[in-house]
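Each structure below appears as structure tokens.
In what follows, subunit A forms one complex with subunit B and a second complex with subunit C.
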Partner chain A sequence: MKFDKPRSLGEALSILADAELEPHLLAGGTDLLVEIDTGRTAPPHVVDIWGIPELHGIQREAEGVRIGSLTTCTELYRDARTPDILRDAAWEVGAEQIRNRATIGGNLGTASPAADLTPVLFALGATVRLCARRGDRDLSARQFITGYRSNALRPSELIHSVWIPDRPDDERRAFRKVGTRRAQSISKLVVAVAFRIEGEVVIACRGGAGSVAPRTIDLPVLTREILGRRCTPERIAHAARMSAALDCAPVDDVRSTALYRREVFARVLVDLLSR
Partner chain B sequence: MRHVGNRVARPEGPAKVEGRAVYVDDIPRAKDEWVGGTLRSPVAHGKLRCIERGDFDFSRVVVVTAEDIPGDNVQALIVDDQPILCADTVRHVEEPIALVAAPDQGTLCAALDALEPRIDPLEPVFDAERSQDVQSEISIDKGDVDATFEGATRIVEGEYHTDSQEQLYIETQGMIADPPTADGTITVRGSLQCPHYVQKALRRAFAVPPEKARVVQCETGGGFGGKEDYPSVVACHAALLAHASGHRVRMVYDRNEDLLATPKRHPSRVRHRTVVADDGTLLAMDIDVLLDGGAYTTLSPVVLSRGVIHAAGAYRCDNIRIRGRVVGTNHVPYGAFRGFGAPQVCFAIERQMDRIAASLGIHPVVIRQRNMLRLGDRTATSQLLKESVGSEEVLRRILAHTGFDRHEWRKERSGNKRRGVGLSFFYHGAGFTGSGEEMLKGKVTVELDDDGCALVRAGSTEIGQGKNAMFTAIAADALGAEPDAITIVDPDTAAVPDSGPTVASRTCMIVGGCLDKACRTLADRVGGDPNTPFRERASAFVRGGGDAVATETYGSPPGLQWDQNAYRGDAYPVFGWAADVAEVEVDLTTFDVEIVRFVTCVDVGHAIQPQIVEGQIEGGTLQSIGWSHIEVMTAENGRFRQDRLATCIIPTSLDTPPIDVLLVEEPFSNGPFGAKGVGELPMDGGAPAIASAIEDAIGVHVTHVPATPERLLEAWLEAHPDDAFFEAKR
Partner chain C sequence: MIQFRLNGEAVSVDAHPMARLLSVLRRDLRLTGTKEGCGEGECGACSVVVDGKVVNSCLIPMSQIDGTEVLTIEGSGHANIQDHFLAEGGTQCGICTPGMIMATRAFLEDAEATGAAIDEDSVRAALAGNLCRCTGYGKIVAAVLAAARTEGDA
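Let's turn to the complex of A and B:
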């Protein structure tokens, strides 16, 4: 196995651009090392990006915050600039030791359907910045995730950062993770929503969910069923049912059942939208 | 008594806390040491045709198959049905087929990859109800059940299920075997509970006398029953590889292999039919117990025995019929796990008692008070309870502490988070069943050295439960010595007598009792002025040529009688008694159950080391809490699905409620300082107490553990179809 540890972004991008073997980026390693250990991945070339200063840290920008891809869950949770539901999600990842290593870039990189941060990025309308020697590009988080454990990243690219637009004052946000226990648990389902109500009418609504489909999903049916409507209990219940029926495609697996996931997804959604 | 009842330092404690303790995998590798691995069956049932050798230079490794076993190809335990290596018919997934030893891990993996067992599949049986293969059957009959049913006006019926559970000791299975010495002695050292069980297995596999099969216990990172029988398998495998290769061979399972291949708690189905009087008095109990034993008999008959004896619960009834069966399936053999059959039947009877109470509209406390066994009563096996019966006291104390008798059980509650409280009341026989101890005749030797220090020799193992401190306290007080004069010799079959396995809540009561007597014998011999420190006196005694060795062999208390055929008589020397109260909060959005508070009151006879006893009770209770609603362990086509720590879920500290432990001490005349068994008892009552609390909270009758959110949601929606977003597809 070839191993590189670049000390700057430029160096890293050169390594990636010139790589002959398929390079695997190593951030906190909390996914990659497990995959290597279980034999799921046997990377011929590992590039440890932990030492790249440009990828660490959270910065205020004109109309949002930029979160470096190597920002850990602990850092996300501790930083007041992190939007509340992202902090909530970061707090519920793994346990202390994992949170000290698990990064936001890694969460996107793995593109696991059970990722906890990614659905929040969907709900917040976040943008992912990808860097390569040839140039940068920005994709919405939604576009970045392309399927079951797959994303839009090209071999020569790395995730530079995540940009989250400033939140309107009247936005309501809610997050809920349903796990197998109270810590160190992978989601049976996870839901995030951000919405706005003017008068009684919903004027904006965006959602994200995990572990209810082969990939992290946004919730277009929820948005369609509730946008421009009066936010009554009946409407919320209807929208939640429709979203559970049409946005979700849950399965039975070792953690839960499809029946539970669909039903509880709807119940959680009602709860989040009624807060 | 100065040390019994007061805190004694745990001899092994500092090294464990500071990370210096050396477990099997930590022992430095010998220069020419090899590593061993196991080729296992991918299917649950089939005819083994051959083992094909693929592209690999097999001269670099040593392969052992059934033909290479010098003695019998039998995993010696109770029934000779389990081979050490499969020779013919594969009966469960992960069954060992061949062994490989290699100079290093990489070579080992490559060799294992190149071996391919060719197996013609046979139809497997996974449903215990459908199995024709009865591994063991036990009946208990008391009074006239049929006549009582005939005239009955009130019959309550119930069926209860419990799923399997993984022990999840922190240290996985591991053994190191040395090649036979010139005189043919085989030595294995490893993580284990019962050195003399391992010795028995090695003797059979190698056809050698006991002194040629030496077993040494390493520091052991937990067992909970999981290291009762299975270490014998690993030991035979490692020893066969050492024998064949001429190298020291180490086999340490990784977590995946350990989860997939080693025994777990028996799944159960228990049916109750109970005749009750209008005031709740139990008139007749008809109980049917079914356990899934898995592919080989292993310890199942003994697990069934304990299960059947405890099936009627801690209640008095003149007419009892219990039919118990453990059947063979193509599951990985189920085995020993703390409680050993009792948690399954305790769940069933305690749920049945709640069901009876509900059907009569009386309080769960009242039904238990009305029927509980008291001093002078007779159990299901007609055992007369002559002493040390804490039943009334544990219930009185827990009610005083919790006020549960004033709680309105199953009152309609509202809100999205619903609280409920539940009670369980139970007992657990301490020590081996029936004449087990009498047959085993466990021995302890205590020896004084020139310095007046006592060496305690017994095969009993320290597996984290505090045996060393407990022995130290007993020996110190029985000798009149200070703890620093006492050394507990580490178990090594070449150096300690067989005091019996470290199982069945017996080590304190039985082995500690022998230790107490041996020490008193020595103290009498040493004599002298008690104001002179013991070491001085003992040293003078030994230097003066006194007889410095005392061996004590266990003898049952006088008057105990057991009829193994009729399953009648004194099933245990004594029982521990306990009651649990659990308070839960159920979230009606997700059906997550939070245990808000847990109180347990336990009659332990006498707490030799109160802090350790409380630790045992908290730990056992937490395992029971986990089993009640979190720990899912299920097999699919005979293969456990929860095969990694990411999926084999046990409670974390955040899932652990505050646990109040109340101790009751009703001394047992034949236990050391009045002590009786406590190791398993705390595993019995948590699940039914929590199930009862869930029922109280949301009105759903919980008959199956673990009561996962998935199961609770389904039960809730069945009772409240209007609350469902989607129709359940059934």
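Let's turn to the complex of A and C:
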């Protein structure tokens, strides 16, 4: 195994640009070390980016907040600049030992369908900045995730940061993770929504969900069924059922069944939208 | 060579950068107080403190230990916590105990630094990453609360 530990962003981008074997990026290690230890992955080239200062930390920008890709879940949930539902998700990722190492960029990069932070980034309309020696590009979180454990990252790129636009004052946000137990579990399903109501009419609604499809999904059917409508209990229940039927594509696996996931997804959605 | 401070003393080890901290502690440095349970970040038996933060040593590659300060159960400064685990019956078979002690130490030091409340809920949250199959946790929580009460005068 070839191994590199760049100390700056520039050095990392040069290593990636010149790499001959497809490099595997190492952030906080909570996924990759298990993958290697169990033999599921044997990367020919590991680039440990943990020591790159530019990729750590949270910064205010003119119209949003920029979160470095190596910002840990502990740093996220403790920072008042982190949007509330992202703090909730960061807290529920795992116990303190995991939160101290798991990063927002790692959660995106692994692209697990069970990722806890990614559905929240979908609901918040977040943008992912990718860096390469040849230049940067910004993708929506939705565009970044391309399939089951796959993403839009090229071998020469790394995830630089996540940008989250400032939230409207009247936005309502909610997050729910359902697992086997409250602490330290991988989700059976995870749902995040951000929506606005004016009078009784829904004027904005964006959602994200995990563990209910082969990838993190957005919820276009939910949005279609509720946007511009009066937010009655009947409408919410209908929209939630439609979303469960059409947005979700769950499977049976070790953690749960497709039937359970669809049913509980709809119920959680009703609860989150009724607050 | 990877150089770091271990329980207050400078050490350097010749380890692969992707070697797990847990393996280096137990096999190379013969510090077997840190236990291996699941080996995949679920159980917390291998908890150690790195730069003041509790982590699972089974998930930390040695490349990320270079230049850090590592504290294990063999280090000093946890005597008060250990005394209370004994007094309250917070340990039975013992395999989770080193991890529990290290998570407790990080929690109490963090609470002191931030002024965060120490109560049953916060203790249970702080130890949520440490599994115990013997005690049912009640006596562990009691031990941590007792240790917190006396930490200042220990």
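The working rule: the second predicted complex is superposed on the first by the 275 of 275 C-alpha atoms of A that agree within 3 Å, B and C clash if a C-alpha of one lies under 4 Å from a C-alpha of the other, contacts with A are read in each partner's own complex, and residues count from 1 in each chain.
One rule holds in what follows: contacts are C-beta pairs under 8 Å (C-beta built on N, C-alpha and C of every residue); 3 or more make two chains touch, one makes a residue touch a chain.
These numbers come from a predicted model, not from an experiment.
In the superposition on chain A, A:140 makes contact with neither subunit B nor subunit C. Of the two partner chains placed around the shared chain by superposition, neither subunit B nor subunit C is touched by A:14. Once the two complexes are laid over each other on the shared chain, residue contacts for A:48 go to subunit C alone; subunit B is not touched.
Once chain A of one complex is fitted onto chain A of the other, the partner contacts of A:5 are limited to subunit C, with no touch recorded for subunit B. In the superposition on chain A, contact of A:262 is made with subunit B only, not with subunit C. Contacts of A:95 after superposition: both subunit B and subunit C are touched.
Under the contact criterion defined above, the residues of subunit A that touch both subunit B in one complex and subunit C in the other are 34, 38, 95, 182-184.
The touching residues of subunit B, when paired with subunit A in their complex, are 256, 416, 588-592, 594, 630, 641-642, 644, 646-647, 649, 651-655, 709-710, 713-714, 717, 724-726, 728-729.
Note for the complex: subunit A touches subunit B at residues 34, 38, 95, 178, 180-186, 188, 237, 240-241, 244-245, 254-257, 259-260, 262-264, 266-268, 270-271. Of all residues in subunit C, those touching subunit A in their complex are 16-18, 20, 39-42, 44, 47, 53-56, 58-61, 63-64, 103, 106-107, 125-126, 128-130. Contact residues of subunit A toward subunit C in the complex are 1, 3, 5, 26, 28-30, 33-34, 36-38, 46, 48, 50-51, 74, 94-98, 100-101, 182-184.
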